[in-house]
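Here come two complexes built around chain A, the first alongside chain B, the second alongside chain C.
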Partner chain A sequence: MKTGGALVVAVAVIGGGILLAGLRVNPYLYFAGYVVLQYVVIATAWNILGGYAGYVNFGTPAFFALGAYTAIFLIEAFKAPLPVLILAGGLVSALLGLGIGYLTLRLKGVFFSIATLALSVVLQTLIINWDYVGGAKGFTLIRPSAPFFGNWGTLLFTVMVGLAVVAVLVARSIERSWIGRGLAALRDNEEAAECMGVPTLRLKLFATTISGFFLGVAGAPFPYYVTYVEPSSAFNLDYAVNALAMPMIGGTTTWIGPVIGAVLLGTAQQVATVTISSEMNLLVVGVVLVLFVVLAPEGITGLARRLRGR
Partner chain B sequence: MATTLLEVDGLTRRFGGFLALDRVTLHVKAGERFGLIGPNGSGKTTLINCVSGALATDGGRILFEGRDITTMPAHQRTRLGIVRSFQIPKPFTSMTVLENLGIPLEYAAPARSHGTSATAEATDILRVIGLEAKAHLRPAALTQIEMRKLELARAMAARPKLLISDEAMAGLSSAEVDDILAILFRLNEQGITIIMIEHIMRAVMRFSERVVVLDAGNRIAEGTSEEIVRNPAVEKAYLGE
Partner chain C sequence: MFSWDLLANAVVAGILLGGFYAAVSLGVSLTFGLLDVVNIAQPAFVILGAYAAYVMNSSFGLDPILTGLLFTPFFYVLGAVVYRIYYASFERRGDESLRGLVFFFGLLFIIEVSLSLTYGVDYRLVEAAYIGKSIDLGGVGIAFRLLVPCLVGLAMTLALYLFLSRTFYGRAVMGVSQDRVALRLMGANPVRIKTIAFGIGIAAASLSGALLITIAPVVPSTDRDYIGRVFAITVLGGLGSIGGTLAASIILGVAESLMATFFGPSWSLAVSFGILLLALAVRPAGLFGR
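Now for the complex of A and B:
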């Protein structure tokens, strides 16, 4: 599929999203759809670093929550509108991404992962003790009336459709560019990549920054979505688990993998939450992840490739 | 007299309290076949890690074509034309053999716009090296000698001026050693300067015009192959007294 074709599909998806929003079906569907789409953004963003560059980030909650809390800060301070929140949330998380990029100079493999997990804990502690954004009590947002569609559920759903499309398009163009090939080389062997002329540090910083940006973007609309944000919900470990599990299940080497993983797992979790119990949804992730790691370590896309005999 | 391509001047490198390289000086001339030998742990690989940029130095200077590259990142040195192969092959495992060559062609080979006709060039290199039939296989499907050849092919794709071959022949059979040697001779004829680090004396003595011997981080001898073989200090370093 050429870039032109991809753009047509992207526009079609956004158009479909707006159409869906206009249909005004059961409001819960928009609510659930938002979560699935949010995971498309998260899984895609995570995969730019974890899948393309091979640096496994356990600190997804830190980036997501930083996006959310940047939004809260801007709402408190300036009553900033949603587009500003999304952009600012992304930029602040991108800065954090750039910071952890420099960690990769010294930390590889599991040590990098542990450091990102620790980062999440540190940041959560800071937020708990920062009263301006609600501290441990949490922050309650009183939403103004929604500018389009008349309600926030459908509006946020539509916004998330757009964000997911943008994130996927960016991931896809990175994957197919010289940057993507360089990242693949450093994922396979960082030392050899550097010796073959790949500017590994610069590419890693690029990956951590872009990945951080979209994780922040995913978190920025969160206060509008839930209207009540507390540190334990924004820094929920579910985000770390899902961000890793979804690309692993879908396949980490291509842009479509995280999308497949997020849609499948995200939907399964929503169904499990409604039909069984809200606690069951992580169990679904766990079981599916174990099955995939054992039976199809290259995910669904890898499995498909193997079945096609390539 | 040929010009000096690589100049290593008083190079020192420590690992904690261990002095791996002690003020090592050596000059490699353009177009030369240069041998670097020494017992295990004498500092050969440390030396080329410093030259290729994988390790920082603790003292001394490295000049390439008269330019000070002592603190230059490794990938920039590669673009200047210093390319190494690894003792233990380090292929890009998720890529095919052809794609492995695409990385240096895209990133290192000078004056090349991204992506253009790289495939044709990679195919050419594979033909020269004798890996053409394996172009679309993953490295995991290669034999040991093919893996070494891939390592050399990938280094060639970076269009080196100076190729550092770090034990490219260790563990290969006699016929396979000749195979690799023939490739290196051919590269040298094309004007590529080669530093060969090798334990297989038959190979390194036949190949090198000039040999430098390292022992415990010190340069203990330099000369032609014949001179080195007769050098008592070298004999002592290898065999003891």
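Now for the complex of A and C:
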């Protein structure tokens, strides 16, 4: 698929999303669809760092919640509109991403992952003790009437369709440029890549920043979506597991992998939440993750490639 | 607000807490520090041990620490099985570090969610004669529910130290962490040694879980708090050094206790993770690195 073709598909997906929003089917479908699309953004963003560069980030909740809490701060301080929230949430998380990018100078592999996990808890403690954004008791948002579509469910759904398409397009263009090849080189062997003249530090900083940006973008509309945000919901460990599981299941080396993983696992979780229980759906994620990592380390796209190769 | 009494109490409580933290961290020190297996599921095994103690205590009135001891063989087998799976799927293929990390993360999640599906998310606690009693030493109160876990933790640390330095298998574990090939030349099978060591690491979780539920009530998600603590201690103690683990545990226990006393308990968790971040960023070899 050429870049022009990809743009056509992207526009078609956004158009389809708007059309779907105009149909006004069962409101729950928009509500569930939002979550699945949010996971498309999260999984794609995680994969830019975790899949392309090979740095496993357990701190997804930190970035997601930073986006959400940036939005809350701006709502509280300036009553800022949604596009501003999304952009600001992304930028603040991108700064955090740049920070952990410098951390990669000292920390490789496992130690990097543990540090990101620690980062998430430190940030959560700070938020719990910061009363301006609600502190431990949480923040309640009273939504103004929605500017389009008449209700927030369909509006946020449409916004998420757009964000997911942008995130995937960016991931795809990174993957196919020299940046993607450089990241793949440092994933396979960082020292060798450095010796071959690949600017590893700059590439890693780029990957952590972009990844952080989109994780923050995914979190920024969250206060509008749930209308009540508390630290334990925004910093939920489920985001860390899902962000990791979705690309791992779909396949981490291509842009389509996280999308497949997020759509499959996200939809399965929504179905399981409705039909069984919300705890059961998390168990499913855990089991599927472990099974894939043990039995099919290259994910669904890897399996498909192997089948086609035969 | 400040008073010497408060300070003395906080420091003593912190030291006692540190003894317990050492018990929880030993498993990670052994599996991660010495064997290079990124076992971040260890805190989940600890919670599993805590629930075993809870079940035996509430249905048979068994002492939690005795239960912890009785369950060590089961945990040993569990650990050995987990290591065999890990070895067959990752170590043998040579891509252990990152995928292995994901494997253990998934395992942690499975254990935690299974526990909350089975026992719900209510706080669970145990009853024993010594819980709730304390002795007073000139204004400094020593609670038995902290003292007993601390003593057991110290005993566990000593036992592991003696095992690693005095016994054949213990020395083999030290050997496998230094040079796998040399160990093989000496006629020992590294995979077998690592299976034994990993089993011991998980068996330690059974006992430390019992200590955990003696100190405070437990919910399945308690393991998340301990990921940071345990790894902060292991890294700070210098990976795999048993004495270093004990020292780091006491440092962390005192730091957390002081923070909780003077700034409020909601900050105390940030101490461990803050120390971990600092240790990782400034001195990854730890205070007592080899």
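To be clear about the criterion, the second predicted complex is superposed on the first by the 309 of 310 C-alpha atoms of A that agree within 3 Å, B and C clash if a C-alpha of one lies under 4 Å from a C-alpha of the other, contacts with A are read in each partner's own complex, and residues count from 1 in each chain.
We adopt the following convention: contacts are C-beta pairs under 8 Å (C-beta built on N, C-alpha and C of every residue); 3 or more make two chains touch, one makes a residue touch a chain.
Predicted model, so just to flag it, every value in this text is computed and none were measured.
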{"item": "Which superposed partner A:P199 touches (first chain B, second chain C, both, neither)", "value": "first"}
{"item": "Partner chain in contact with A:E191 - chain B first, chain C second, else both or neither", "value": "first"}
{"item": "Chain B versus chain C as contact partner of A:T253, first or second or both or neither", "value": "first"}
{"item": "Contacts of A:W178 with chain B and chain C, given as first, second, both or neither", "value": "first"}
{"item": "Residue contacts with chain A in the superposition, chain B compared against chain C", "value": "C"}
{"item": "For the chain B and chain A complex, residues of the former touching the latter", "value": "52-54, 73-75, 78-79, 83-84, 86, 90-95, 99, 102-104, 106-109, 114-115, 154, 158"}
{"item": "Parts of chain C lying in touch with chain A, wherever the complex brings them together", "value": "38, 40, 85, 89, 95, 97-99, 101-103, 105-107, 109-110, 113-114, 116-117, 221, 224-225, 227-228, 231-232, 235, 266-267, 269-270, 273-274, 276-277, 280-281, 284"}
{"item": "Complex contact set, residues of chain A against chain B", "value": "178, 181-182, 184-185, 187-189, 191-201, 253"}
{"item": "In the complex with chain C, residue positions of chain A that touch it", "value": "54, 56, 58, 103, 106-107, 109-111, 113-115, 117-119, 121-122, 125-126, 128-129, 136, 237, 240-241, 244-245, 248, 277, 279-280, 282-283, 285-287, 289-290, 293-295, 297"}
